[in-house]
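After this come two complexes, each holding chain A, first together with chain B and then together with chain C.
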Partner chain A sequence: MDMLILNKNELIDNIKSLFKDYEIVGPSQLDGKLYFRPVKSMDEVVWDFVNPVNNIKDFFFPPSQVLYELRQDRIKAFEPDTKKKRIILFARSCDTRALNLLDKLFIGNYKDTSYTARRETTTIIGLSCLEPADRCFCISLGGGPFATKGMDVSISPVRKDKFLLHILTDKGKDIIAEQGTRPEREELSLTEALKQKAEEAIKRKINIPSDFFEKFDSDYWKGVSQACIKCGICTYLCPACHCFDIIDEGYFRIRCWDTCSSDTFTKMAAGEDHRKQKYKKYRQRIYHKFQYYKENFGEIACVGCGRCTTYCPVKMDIVEIVNNS
Partner chain B sequence: MVIKKIKTTAKDLLTDGSVSLIIGYGINGLGDVTPVFIKDPDDVEKLVWNDQCYYNLIRYLSDRDFIEQNNGSIGIIIKGCDQKSLKVLLSESQVNRDKIKVIGVTCKGLMDSDGNVLAKCEACDVVYPDKDFCDVIIGEEVKKKEKEKDFSDIDEIDSMDLPDRKKFWNNYFERCLRCYACRNICPLCYCKECIMDQHNPLWVLPSASVGGNRLFHIVRAYHLTGRCVDCGECERVCPIGMPLRKINRKIIKVVKERFDFESGKDQEQKSPLTRYRENDSEDFII
Partner chain C sequence: MRNVYVPVPAKIIDIKIETRDVKTYRLVFEYDGFRDDFSFSAGQFVEFSVPAVGESTFCIASAPDDKGYIECSVKKVGKVTEAIHMLEIDNMVGIRGPYGNCFPIEDMKDKDVIFVGGGIGLAPLRSLIRQVLSGRENFKKITIIYGARSVQDLVYKVELEEWQKRADIKTVLTVDPGGETADWKGRIGFIPSVLEEVSPSGTNSIVITCGPPIMIKFVLLTLDKLGFAPEQILTTLEMKMKCGVGQCGRCNVGNIYVCKDGPVFTYSQIKEFIEEIN
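Entry: the complex of A and B
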């Protein structure tokens, strides 16, 4: 693992040089909100933020993608456009950790071709979190504001205009130019101090009860799910949620995001639906994340980013709901 | 103090059996206001009242499953804007007025997280809910101001030529996730099976494509013609910041001009598109 120090101008110059060969996705403002989206220059990129509305899963598992076109005499498969390599800039550790969680499903027993292709051609530059928000609870799920899991390069602040870079993978090596200086001990301890400060700022803790599985039949879920309006915001903005539907629109077979809260999610042929009641739908989301994914893939499918609570139309608080179960 | 009166009113209604459930505003683990559902009189301590009480709680009264599960009487806390949507629901026979207790509260305006008054509140003409409509009324009486509705932002879009208007709206339709939060938070979107959820036959492309998104929003606005009261909840909940109120207010403007009708003022009056009158104007097609 290589470490080097760059000052802000050197870092900006390095990233600027990448615009030629890579499509750059970074946090930028649109209509007063912050999103990860393709940017044309460093001027569009925001440095000081908590986390954009969307997360980086959009670029590997898009909201809707055409799989193939079916005509009477032929089938045309749609390959993802991976000719141009991509860099995702300033992703937070919660979002990059979530991508590793999704890898277990999408590049597991069966390799999802488009997801895998996008993963292979994308390099992720992460940015450590200096000022976590009230909603954040990554630490209690094994993450942290300065964690680097899932990043190819991580950028941590030393001071206002100085950064410590960790080059974590070969893909990361390819994009960082040979410049900068080796970190001095003093610089490393400055970063360490900022890391401690950020970790201490995260007060929210999620605490999954050890007998969580036994609570499935409790009436508790009826009570806590009352406010839910069954939209898809928590699932669509969650970096770890990944359920999808396959639909036919005219000649096209399309994969698109689906949400367990919708009325059509569990509907089967002949109209059978074993999750008609709202509390069953809400319970499903909680158990999929905190029980089933762990059983199937060894890890809880939540990274503590807090988007679900922040953008929920009725502010349902997942931490409060799980902790009180 | 308003909150004290809200709590005692709620407690009294629950203890004397007038209602078996109170729907009001409470606080979640992060300190944000959230809808709260109270059955135990002692739980009225959970109720709050402040300038972040955004939710139009009437939405829960048009939820058939919710009403079925709570087959007793329901006490509900409303602001003036929420009251309008309740009147529309009553005009459409969707709520049994005898089975609810309406607790109206004066609202001086809601604030966003930056401390700015919400746009819909600046244009508010129902600060104080109707005394003769609510069962209980809390807060200072504020004389109703007949405000001329300001449609200047709608006129601005109408004055754009079509390519610019298309660009303005496509900026949002391209990014719409079809989360349906706008539809699901709306108290007047209560169809048992929404046209968007029907796949057989398929009416609107279900995936989040520009064309499908555009059609969804147009269809929803049309299904609210003469009904939408501009409570603003749809725009508040949209994660991509689509100016949904502009779509609905355009139609509100047209309905006012063509039918001289405003929804939510009188629960005896049905929306112009749901009733026929012999003297309806015949110089246009809507």
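Entry: the complex of A and C
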């Protein structure tokens, strides 16, 4: 793992040089809100933020994509453009950790060809989190504001105009052209101090009860799910949620995001539905994330970004709900 | 790397009308290499696509030894199945598969094998029955108990006659009270009570059952009465599916995906499911 110090101008120059060969996705404003979206220049990129509304899964597992065209006389598959290389700029460690979680499913027994292709052609530059929000709880799930899991290059601040870069993978090596300087001990301590400060700022903790499995049949879920209006925002904005639907529009077969809170998620053609009641749907969401994914893939499918709580129209708080179960 | 969501083309070469709402489609793969390479085990399913309409899950009802084609029996219940029922011979459809696990036929050898089917539930069983019969000497007593709401609703009528003629298997057919015709020679009664009358032994035997949920419920109670342990009872589950390979999340129940870890399960496995599914 290589480490180097760049001052802000050197860093900006380095990134600017990448616009030529890569499509750059970074946090930028749109209609007063911050989103990860393709940007044309560094002027559009925001440096001071907590986390954009959307997360980086959008660029590997898009909200909707055409899989193929199916007609009587031909089947034409649509594969993503893998010649276009891409860089995701300033992703937070919660979002990059979530991508590793999704890898376990999409690059598992059956490799999802478009997801795999996008993973191979995308390089991720992460940015350490200096000021976590009140909603954040990444530490209690094994993450952290200065964590680097899932990043190809990680950028941590030393001072306002100086940054410490960790080059973590070969893909990361390919995009850092500047030589920079070797980090001095003093600079490393400054970064370490900022890291401590950020970690201490995260007060929220999720605490999954040790008998969570046994609580499945409890009436508790009926109570806590009452407010839910099945809008699906939590699913769409969650970096670790990944369930999808396959539908036909004309002759095109399309894969699009879906949510287990939808009425048709488990409904069968003749009308049977083993999860008709709302509390069962909500319970499925919680248990899939905190129990089943862990049993199948070894990790909980939640990274503590807090988007679900922030954007839920009825303010359902996943931390409270799990902690009190 | 093949995209797992893209189907291969298959042509309908035969359509058999089984009942007023069930048709059996015989399909041949047009895709070179796929035609001869496609092999499956009894219990597996395919995802059947109708262009511009949708895709549905159907178990393969033909026997694994039937080379060159597969058969799916389709009951008309919704949008996609209605479109399938309007297809004609020579129409092209898309097939993905085979997916899922299969019946553990090795575990059935040297045992009594009892099949209990209701209505369209005979479709997945038929694949296994034919596979078992093609190796008849490996199994002990074979019993087939099959029924439907009425004589009209019995599927695979030609095959049922063939099985009844065989001396080396016991075939018991029944229709619900009120479903008989004037010349019906089989039994009249609900499947669980017919099962109790036939009273197969629970010693060194295995039961495979498939049918509507209400039938399964009472068949399980009867089997318990007759002394069958949950490990001896196999069934194949139906669940809403989309991808068929354990990724889209629809058929996820507890830590299993019915498409990937099933659809064949023992009753003892189903009892362990964290969530009740009927």
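Observations
Keep in mind that, in the parts below, the second predicted complex is superposed on the first by the 324 of 325 C-alpha atoms of A that agree within 3 Å, B and C clash if a C-alpha of one lies under 4 Å from a C-alpha of the other, contacts with A are read in each partner's own complex, and residues count from 1 in each chain.
Please note the rule applied: a contact is a pair of C-beta atoms (placed from the backbone, for glycine too) under 8 Å apart; a residue touches a chain by one contact, two chains touch by 3 or more.
Fair warning: this is a prediction, and the values are worked out from it, not measured in the lab.
On the shared subunit chain A, the superposed partners chain B and chain C are arranged side by side without overlap.
Look at A:Glu295: by the touch rule set out above, it reaches chain C but stays clear of chain B.
Residue contacts after overlaying the shared chain place A:Val314 against chain B, while chain C stays out of touching range. In the superposition on chain A, contact of A:Ile247 is made with both chain B and chain C. Of the two partner chains, chain B is the only one touched by A:Arg135; chain C is not. Contact with neither chain B nor chain C is seen for A:Met42 once the two complexes are overlaid on the shared chain. Of the two partner chains, chain B is the only one touched by A:Pro63; chain C is not. Of the two partner chains placed around the shared chain by superposition, chain C is the only one that A:Phe213 touches, whereas chain B remains out of contact.
For the pair chain B and chain C, the least inter-chain C-alpha distance in the overlaid model is 5 Å.
Shared contact residues of chain A with chain B and chain C: 245, 247.
Contact residues on chain B toward chain A in their complex (touch as defined above): 28-37, 55, 59, 65-66, 171, 177-181, 183-185, 193, 197, 199, 202, 205-209, 212, 233, 236-237, 239-241. Across the complex, chain A meets chain C through its residues 67-68, 70-73, 75, 77, 79, 105-106, 108-114, 116, 213, 216, 242-248, 250-251, 253, 255, 258, 260, 265-270, 272, 274-275, 280, 284, 287-288, 291-292, 295-296.
Within the complex, the chain C residues that touch chain A are 1-9, 49, 51-56, 77-81, 91-92, 94, 213, 238-240, 242-243, 245-250, 252, 254-255, 260, 274-278. Residues of chain A touching chain B in their complex: 31-33, 53, 63-64, 134-135, 204, 223, 226-227, 229-233, 236-237, 245, 247, 249, 254, 256-257, 259, 262-264, 277-278, 309, 311, 313-317, 319-320, 323.
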